[in-house]
Structures are given as structure tokens and as C-alpha cells.
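You will see two complexes here that share chain A, one where it goes with chain B and one where it goes with chain C.
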Partner chain A sequence: MHLLPRFDYYEPRDVAEACKLLSQFKASAKVIAGGTDILVNMKKGLIAPEYLVGIGKIPGISEIEPVDGGVSIGSNLIIEKLVEFDLIKKKFAMLSKAASVLGSPLVRNRATIGGNIVNARPAADLPPALIAMGARVKLKSRRQEREISLDRFFKGPGVTVIRPGEVLTQIVIDGPPPFTGGDYIKLMHRRSLEIAIVAVASRITLDGPDGIVTDAKIILSSVAPRAVHAVRAEKALIGEKPTEKLFEHAAKIASNECRPIDDIRGSARYRCDMVEVLAKRTLRGAFVEAREQ
Partner chain B sequence: MKRLITLVVNKKACEIAVEPNRTVAQVLREDLGLLGTKIGCGMGDCGACTVLLDGRPVNSCLVLAVQVNGREIETIEGVSNGKDLHPVQKAFVEHGAIQCGFCTPGMVLSAKTLLEKNSSPSEPEIRKALSGNLCRCTGYQKIVEAVRQAAEMMKK
Partner chain C sequence: MNKYSIINTRLPRVDARAKATGAARYTDDLSMTGMLYGALLQSPVAHARIKNIDTSRAKKLPGVKDVATAQEAGAVRFGVSPARYDETIFCIDKVRYIGDEIAAVAAESLESALEAASMIDVEYEELPAVLDPFEAIREGAQVIHSDYPNNIGAEVHQEFGNVEEAFKTCDYIRTDKFVNKKQDGAFLEPQACLAVYDPDEGLTLHSSTQAPHYVQRTLAMVLGLPIGKVRVVKPYVGGGFGPKASASTLELTACLMAMRTGRPVKMTFTREQVFWHSRARHQFFHELTTGVKKDGTLVALKNTCYLDGGAYSSFGIATVYYAGSLLGAPYKLPNMKYDGYRVYTNKPANGAQRGHGGVAARAAWEQQLDVIAQELGMDPIEFRLRNIMQRGDVTCNDFNMSSLGMKECLEAVRDGSQWEKKKGKLPRGKGIGVACGFFVSGAGFPIYRSETFHSTAMVKLSEDGGTVNLYTPAAEIGQGSDTILTQIAAEALGVRYGDVKIASGDTDFGVDLGAYSSRQTLMSGHAVKQAAEEAKRQVLEVLSEQLGIQADEMDIRDGLVLFKGDGVDFSALRSNYIKEHRGWTDPPTGDRLTFVEAARMAYLARGTIVGRGAYKPGELGGKYKGAAVGTSPAYGCSAQVVEVTVDMETGQVTVDRMTDAHDCGFAINRTNVEGQMQGSLSMGLGEALFEEIKFDGKGRVANPTLGEYRIPTCLDMPNVETIIIESDEPNGPFGAKEVGEGAIMPTIPAILNAVYDATGVRISELPVTSERVFNALKAKKQQ
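The block that comes next holds the complex of A and B.
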């Protein structure tokens, strides 16, 4: 049986107290939210923090709140609630979809949205959808609070711009403009308890139900150290009339843009081919949703 | 340093002193003697350690005991009503959905949670609800059939 190394546990009552503990203990302390990532890493002996700071009892960071047409999501909200809540299902459907394919029902009942972002795994399920929706995160420390775009949050596998002493408190997503739709597809060897071979999140905005594309995001996951934009493919879509041919063209560009590696889950070549297929399918899905809005 | 925690396990309040590095699965088995909760992989992959935390099924091998201070847990021991098995348990027995039984407590808890939310689940819904629980023995067909039958029994 895998046992956890020894550590001391703190359970601050508010964010300020959490920040204080984290800045006091510096690198020897780690936040624990749902624990589905950090406890596995500790059991495997990959990390051994001396202190864990549990954020589960802090009020105000586990809710979903509508704000100005958008939404503010507490970092400690469990993934399953992103699948359950009507507001997310209706207005931010691609986030619900990404949440519904993460891990297993048992994992989703513990794992949090904040943990999924901060662990910064290249194949994490929520960041691609969140980046496509232009999400921002609020980071609080003892002295300041900053809000930064998720686009600038990830640096590489397990590495983010978060500083020791900072807690991620909220994820903020603006309301989608009219005629906007999105989709997320994760390719897996099996349907549950599986990390993505490749995943793609796409979002497009039209200037009317039969109008041209005014904004486009294509986020590729599991093909680079972090989720990346298919920049040239996005550009190819903007200003054009959305047709099947355009989506095929953009998907081909996206496939040429990515530089994945060969690993146990799939070869680089296979991944590039699948990026093309998934980009095309997610663009189609995004288009259907955009017209209905 | 040990922490004193209070929690409700199978509707009974308890107070225990635990080291922070012990999981709910360990404390249930080793301190409370509730051996129905199994530990298979210890890594969140198999679901043998499934318990209900405030009504939601979770992997108790990945929850610290100190994290459930003040909360409510239901284990497989809390599912039957005295000697009367829960309909899900009865259906598992009748359908041969149990061989070695190692996965059964987790399967039953996940299935029971599904049926309390959705009284007539489709087969894909049943498979999805059980997708965090792995079985090495029976295969899944009999388990799925048992959950179907339990749904019928619970409607009566």
C-alpha cells in the first residue's frame, strides 16, 4: 500500500490566513484543494511538502456566481458541479463538456477547478476550454491581488506564474458575445479514467446567424508542454464566411502548426493527424452552437 | 501532530485523533474497524475505496481524514437496513454480479447514488456512473444488469 509521507496540516479560515501561512512556510508548504493530484504525487514520492494548507473550509471560494453577463467560479468548486450547474451548461457549454470527461465520477466529486489549473499538466482538461473562452484567474497574496489571463498563466509542465504565497481564488469568464459557440473534444483510448491523447477546444463568434467569423480560438492540448493556440489557423478563419471548406482548411493549418512528441499514448504523427480531425469537428460544433445563440 | 476530528460515519457521530498523513480509507479500516471499504490501488484509479462524502461518491484513498472534519460519511456498512439488504445489494447477489467481492462495496455505493438521482437510468448512464469502479472478476455485464433490476425493485 502506498503511504503518505509525514507532514503538518493547517486549515486557514480565510484567504488572508492561507496567504500568511504560505508566505511564512515558503517552498516547504503546498496548498491542498481536492487532493487528487497532490496526494498521488506525494504517495509516489515525487514531492514531500512539510506543510499542507487545506483551503476546503475557506468561505467564498467554492461558489458559481453570475457577474455582468459572465461568471465568477470559486477555485475550490468541484469539477462535477461544472457538469451540474445550469448556468455553466447553458452559457459555457464547452466547459461543462470538458468537465464531464475528466477522470471518473469519483474523481470529479473531489477534484477542483483551481487544482486542475494550478497543477499545469499539459493534458489537463479544463485549461483548453477556459483559454478558448478567454478566462482570467484571480491570484491573492498577502499584499496584493492580481488578475491575469489564463493565456499568460502557464509556462510549462507543472510551472505557472503563480508565486509562493499566492492562492488562486476565482476564475472569471466574460459572457460570450452574441452568435458565439464552442466545443471541446478529448481523444482517449477509453471513455473514462484516461488522459487525453490529444484534445482540441474551439470557439467562434459570427456577426449574425449567416454572417462571417469575427473571432476564432483554436486551442490544442497534449501536443506541447502547455495548451497552445493554433495561431495561423485562428487567423485563417477571421473575416471569412463559415463553410465546411473553410473549417477543413483551418484544421489542416492547425495540424501543421503543432509539434507534439511520441509517447506511450500516441505518436507525434498520429497526434498531428488527430488534431486535424478534432479541429474540424470542434469548429463544426462551435458553428452549430454559434448560429443558435 | 495528531488532530482531533469529529465526523458522522453511517449516521453515528465519532471523534478520533488522527495523524494528518492518514487517509479516510485508512482511518475507516484501521481505527473504526469498517473493513467493507477496500484499498486497491491507493491512487484514485480503481474505486475499491469508494465512500459517500456528504452524499457524493469519492475515492477515500485520496481524501485526508483531517479534510473530512465536520462532515458526513457513508460506507458500505451503512447501506443495509439491519439484516435487510438494500435493493442494489439484493440485485447484485441475485445476478451473480459478485465474484471475489473486492469491487462490490464501491460498485454498490456508486450504483445507489445513481439510482437516488435517476430512477430509470439507461445502460450508458449506468456504465458512466460506474466508470470509476473497476472489477477484475465478473466483467461488467452482470453488474449493469443488477443495477437495472435494482432500479425496478426501487420503483415498487
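The block that comes next holds the complex of A and C.
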């Protein structure tokens, strides 16, 4: 049997108290929300924080609220809610789709959106979709609150810009412009309980139902230390008329842009090839959704 | 009226309530006053000499009650087959894989035990680790066991007929290679045990085991106790699939420390330790050459196989035989040659797993048969039917198919899947495939050489006549044997299902070799049936004496006594019963004499009524070396049709539909038979598509979790159409034979054949990951 190492547990009543504890304990403390990652890693002996600060009882960080056509999502919201909520399903469908393939029902009912972000795993399911949608995160500390684009949040595996004493409280996504659509596809060995071999999130905006591409995002996951833009592929789309040929062209570029590694889940070569397939498919899906709006 | 009341039905499992409510207690749920917790120290290196072990720091830790190494445990060798005892409780001079057990600690708390184990200092002199079986057999390779200088722990050479001569008569011969991957049993319950030692009573071990009897014998031998002073009790078990079919160091260690401290010791594996201990399916490297006539008649098969055995023999000596002997049938094949080599490597030991030894061979051959059928321009089902064995046929290696519904199975899946509408008519990316298989219904011989009965059983009637106690040492491990044996006892005795109270899995009840080789329905079933019939005979004898009617003029069924003649006057007997039971609330009424009354009279006349049963197989075929592995009193068989969708861009395989027919002789419980079929298919699907134990360059298991060792989830399993075929096995109780393992045989090749049908590529290495299919498609495109 694996035993948890010893630690002290705190359960602050509000964000301010959480920030206070975290700035007091600094590197010896970790935030715990759903615990689906941290408890496993503690049992494995990979980390041994002296203090755990549970944010589960803090009011106001577990809600989904519409804001100016967009949405603000509390960091402590469990993943399953992203699958279920009408607002997310209708307006931010690719996030809902990404959430639906994360872990298993058991995991989705414990793990939180904030946890999936701050853990900064290279194959995490939500960041690619969130980045494609231009999401920002709110970070609160004792003295200030800052909002930062998710694009600039991740630094590498397990490393983010979050400072000691800061708590991620909200994820903010602006409402999509007209004629915008997105899609997320995760390639898995089996149908559930999987970490992606490769995943791609794409979003495009058109200037009309039959118009040209005015904005494009292609986010590649599980091919780099963090989710990355296929920059050249995105550029290749902008200003062009969306066609099957264009998507294939962009997908090919994306495939040449990524630099994955060989690991236990797949070879680098296969991952590159699959980036092409998934980029093409997500662009197609995004296009269908964009035209429908 | 049906011939039977209790069997061939869909009665619920006897343990349904306990399991559904969580009341069922598994080994790790057990706790005792004064209990200590044990922890193991296992090797962090794959191959090394042990220079020194220093336990002094560990012994000083507060709460530590015992620290044991080879010095305390001794050097008695054990294993599975006496011919290959190559393990000791703890490593003596060498460690041979990452996870090899070096020492153990018993302490007041698990925390202390784990901490103390980590404080044992071991000095190693590292040796080159031999991780590849082909490297291991190379001249000059590092030797793993000094008794086997070429690292080949077991080899088999068999020939039936004359293969080389037969090939000369063939119109078409082809050779294919095939390789699977090392598997994990992936049972839900990790191994756990609780040992209790009392100087007067002896040793009692509660253990999550498939084979209490073998564990009992091993404990007695290694710990130097009389067998009668060792009792093994099996609580509820959460699956075994083979790896729990022999005694382990975990069990021996807990017992050793319980004896040394005089306190109960509990030990439980983590999931990682389950992967390290392993004893699951080997990796097999097969090369098969099959020759046929152009009319599709199978003529000869040459099979060469190398098995990656891992660090110890475990069941491997049987495995290496099975990898040869389980081919041939269910087809008429007059010539078969087999050369098998089981090679030691510095990896966790491999052993037995569902379909023992035959699963990879079957996958290899059934795929090759499909290729041959295609070359001959024959439909794969037609080709198989052309060669199919039937009841009464005997294989070239002397397996007697005393019943065999193989043809019926194949026809049933053909019709059930609408094969003829689909084969050759599906669009690219969709495919359909078929395969067959067979398996033993119990090994013909125990793992140690002996004339022992394979199963014994006892049926005792309660003094009030209302309850039937069934005592069987057979092992319920989730597969349903308690239900099956209860049904057999109730049917044979003529009482209702709920009247029988089963107690099982305890060596104090007698001898049963356990839950392996798909033996308990047939073998334990025979013993139970005989015990129930003997109890019934005694009741009828007493009735005969008291009513003056010949015993064979009466019978018992559904809890009632049946008289062949009319107008039997049993009023004296009834009033006697009522007098006996004055004040009881349930005096028998009605115009039929009940079993309860009869059993009470029998008790009054003779004392406790006990029926005994004992079974061992009769004379089996085969006089050649190794005939003991594969000969069985009966053989189950099955056929499957699998339909798949393959994503031609990613290579991802989705199994859409499975149609499975299995000949179990006679279904004691139809729902349970279907459950075994479904479970086998799920396990086969996992091995075909996902499952693979991976190693890093140092011999460490790289994926010792159920996150990265992927068994199928319910989303990966399609709906299965299960078809039960009943061929009425003459050597089985009520005609029953196996279903638990044979049903896995066709799954992998049926998937492989369907993948080929969908894509035009043949995959000869498992698992069929999307990447492997993608690469094969790419290679084909580039040709």
C-alpha cells in the first residue's frame, strides 16, 4: 500500500486567507483542489509538501458566470460541469468537448479546471482548447490581482508564471466573434482514462458564412513541453478562402512545425503524422461550426 | 417437465448480495488484534551479487518487531513444478530482477514497516542485466541461474507424424512469425495475505489465492511444518487469471514473520508490486510453418517458439509445453512438430494467464490459416469447416475430443454475424474476421507428481433436515464456482437452491487443486455431485427402511420426495416428524413428503448424514514426454466473429461487434457461462489492442499502473452476442466442461483477421496500436 507523506492541512475560508497562507509557507505549501494529481504524486513520493491548502470551501470560485458575452469560470469548478453546462456546450463547444475526454467520470467529478491548468502537464486536455479560445486567467495574491493570457501562462512541464502566494481564481473567455468555430480532437489508445498521444485544438473566424479566414488558431498538445501554436500554419490560413485544400496545406505545415519526442505513448514520427491528421480534422470541424453561426 | 430444476438456469450468484452491498470481505479487509504489518525490500537493480545486507538500522526503528533476510528464512527452494524449484523466500547470493525480494520487516504500523524496509542497507555488485531472450541464449551471455548455463530453463521437442515428409506432399506451404507482449493479469485485487501462528493449532494463512492447496503444500515444505499444521483459507478474491495460482514470497514471508513474532502479520501488494511479481502471460516468439493441399486439407505444422521467461520458472515449464500442444486441434492435423525454449531473463517472472501458453500460438496460427485460405481462394469459414474435428476425434498428440461442438460453434457465429452478407462486401476501413480455438477442461495431472484426488467434497445435512452444508476446498475467485457448485449440489441432492449453504476455499475441507486450467466446474463439480448423491442415497435408504419401499422407487427433487408408485402412505413418518418438532412453527403440510422430513428421519436413524465425493481423471491419452501438459478429461471450444472499423488515417482500431459461440458441454448457469465468455473477450481485446508491459533499458517496468497498462474500459468493449453450444460432455458432471479460458482463444486472431479485412495489412506483432497499423499502412503504400 502507498501511504501519503505527513503534511499539515489548511482550509481557508476565502481567497485572502488562502493567499496569506501560501505567502507564509512559500515553496513548502501546495494548493489542493480535486487532488487527482497532487495526491497521486505525493503517494508516489514525487513531491512532499509540508502544507496543503485546500481551496474547496472558498466561496465564489466554483461558478460559471456569463460576462459581457463571454464567460468567467471559477478555478475550483469540477471538469464534469464543463461537459454539462449549456452555456459552455453552446458557446464554447470545444471546451466542453475537451472536458468530456479528460480522464474518466470519476476523475471528471473530482478534478477541477484550475488544477488541469496549474499542473501544466504537456498533454493536459483543457489548455489547448482554452488557448485556442484566447482564455485569460486571474491570479490573486495578498496585494494584487493580475490577469494574464493563457498563452503566456505556461513555461514548461509543471512550470507556470504563477508566483508563491498567488491563487488562480477565475478563467475568463471572451465571447467568440461572429462566424467563429472550433474543435478539439484527442488521439487516444483507448476510449477513456487516457493521456493524449497527440491532441489538436483549432479555432477559425470567418468574415461571413462564405467569407475568408480572418483569425486562426491551431494549438498542438502533447508534442512539446507545453501546448504550442502552429504559428506558420495559423498564418497560412489567414486571409484565405477556407477550402479542403487549404486545410490540408495548413495541416501539413503544422506537422512540419512540431518537434515531439519518442515516449511510452508514441513515437515522434507518428505524432508528427497525427498532428497533420488531427489539424485537418479540427479545421474541418471548426469550419462547419463557424458557418453555422 | 424439464429434466433439471436448478442447473441450466439463470439463478443469481450465491454471493450477489454480499458483493453488491459491500459486505463481502476480501483479504485486505481482515484485521486481528495484535496484528503486525509487513513490508518487503525489493531489488532496485535487475542483476547483481549481494555483497552484504545490514539490517541494524532497520532493527532499531521503534515499532519494528522482525526483520528477516535469507539468513532467517533459510535456503529451501520452491517454485511451481518440483522439476524447476528455483526460488527461495529471499535472495541468497544474487538478485535477478527489479523487484526480487531481499528482506522483509514486520512492524506495529505500516509506516514503520515501510520505513524500516528502506533502512536495510544492501551492498550490490552489479552484473550485466540480460533483458532480451535472444541475447540471453547467445554464447557467452551472462548466466542468470548457474544450473542453466545457457539460460534455457526448459525446452521441449515433440513430433507427431512426420512433418518433413508431410511437407513434401503439400501444394502450399508458408511460414510466418508472430510475437505478443508480456501481459499483466490486471485483477482488481492486488495479492494480500494475513498469517496467524499458534504453537498448538499451527499456521493459518488467509490469502488472496487461486490455489489454497498448492499454497498449503509449499508453506509446509518451505517452513518445515507438517501439512496438517498448515491451513490456508481463501476469503473472497477479486480475480486471479493465473498469477495467483501458486505460492508467493509474499505469503511465505508473512507466515515466516508470524511464526517468528507469534503475532498475526498482514501483507498487501501495491499495484506496482503486482507488476513486479507478475507471473502473468509470457512473451512468445513463434515461427509457424503450415502446409496444406490445394483442396484446403491441412497436412502439417511446424512450430518453433522462444518464450521470454523472466527471472524464475514459475509455471513456465507447463507454459512452454502448452505453447506447442494447444495447436493442431480443433482441426484434423496428422503431422505436428514443436520446438520450444523457455529462456531466463532479468525481468519479472512470467507464468500462467487465462488460456495458458496457447493464446499467442493460437493468434499466430489462426491468422496464418486466414492467409492460407485466401491463397487457396477459399472462404475462411469454409476452409476451417473443411478441417474441423468432431466428437470422438483424437488429435495427433493424443487429445481425445470426447465431445466437441466446434462445427456448431463455427456455424453459429457465421449465421449470428451474418457473415455471408458481410465478408468481402464491406467498404475499406470496415472488416470482419473469424477464428476458432479450444482449451483443456482441467489439467489431467496435478502440478506435483501424485495419485492424489484432484477434488474432494463433503455434503452434510443439518439435523433438522432443512439445510445442506456443502464443504468444498475449491476456490471461488470471482469466476462463480461457489454458485456452480451450489447449483450442482442442489440438483444432485434434489433440494432447492437456497437450501444449500456453501463453504469453500479452505484446506481444512479437504483437497482441491484450485482455480486454474479451467478445472473446477468439471472436477470439483464431479466431487460435489458425488457427495450430494451419496447424501441423497443415505436419505433414501432410511426412507426405504421406514416405508418399506425400494430406494430406486423413490427420488428427491425440488425439496420433495417423489414416489414412482401411487398411494404411498407416509403419515406415520410425518407424525413422527411433527412430534419431533413440537413447538416449531413450520409443520409440514400438503400431500407430498418433504426432503426436510426425510432428512430428519435419516438423522434420527443414522446420526449426521455426510456424503463424500472425490474425483480424479481416469486414464488419459498420451505416453510421450510432456503428455501430462494438455491431456484433459474434456476440451471446450469456441468460435468468434469480430467486426472492426479502422481509421485509415490514424490507424486506430475500433471493435464494433463480436459474435461468440462457446461449447461448454452443458451450461450449469447460463448467465455465468456468458459472463465468462464476455470476460474472456474483454481480456483478449485488451491483449490484442492495448496491453503491453514495457521496460526501460535497465529492466524496470515502465508502466506499472493501470493508467499506463491499458485494460479495456467499458467504452472499448462492444456489445457481444453470446451463443452457448452444449455438446454434452460424457466426462463432465451433467455433461459440463470449461468456459473460463477457452473463450479467449479466438479473440485476438479474429480481431487480427478483421483488421486485415478492413485494411489489407497483416499485423504480426501485438498490441495492434494505432501507430502499428498506421506504420503498416504507410509501408504498404510505399511498396
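The rule is short, and it goes like this: the second predicted complex is superposed on the first by the 293 of 293 C-alpha atoms of A that agree within 3 Å, B and C clash if a C-alpha of one lies under 4 Å from a C-alpha of the other, contacts with A are read in each partner's own complex, and residues count from 1 in each chain.
We adopt the following convention: a residue touches a chain if its C-beta (ideal position, glycine included) is under 8 Å from a C-beta of that chain, and two chains touch if they have at least 3 such contacts.
These numbers come from a predicted model, not from an experiment.
Residue contacts after overlaying the shared chain place A:Asp273 against chain C, while chain B stays out of touching range. More residues of chain A are in touch with B than with the other of chain B and chain C. Touch criterion met: A:Ser104 reaches chain B and chain C at once.
Contact with neither chain B nor chain C is seen for A:Ala224 once the two complexes are overlaid on the shared chain.
Looking at the shared chain after the overlay, A:Leu87 reaches neither chain B nor chain C.
By the touch criterion defined above, A:Ile212 reaches neither chain B nor chain C. Residue contacts after overlaying the shared chain place A:Ala16 against neither chain B nor chain C.
In the superposition on chain A, contact of A:Leu39 is made with chain B only, not with chain C. By the touch criterion defined above, A:Leu193 lies against chain B and chain C together after alignment on the C-alpha atoms of chain A.
In the superposition on chain A, A:Asp8 makes contact with chain B only, while chain C stays out of contact range. In the superposition on chain A, the residues of chain A contacted by chain B and by chain C overlap at 1-3, 104, 191-193. For chain B in complex with chain A, the residues that touch the partner chain are 1, 3, 19-23, 39, 42-45, 47, 50, 53, 56-59, 62-64, 66-67, 69, 110, 128-129, 131-133.
The touching residues of chain A, when paired with chain B in their complex, are 1-9, 11, 32, 34-36, 39-40, 43-44, 52, 54, 56, 80, 103-107, 109-110, 191-193. Across the complex, chain A is touched by residues 110-111, 114, 268, 270, 649-650, 652, 689-690, 694, 702-703, 707-708, 710, 712-713, 715-716, 769-771, 774-775 of chain C. Those residues of chain A lying in contact with chain C across their complex are 1-3, 104, 187, 189-195, 197, 264, 266-267, 270, 273-274, 277.
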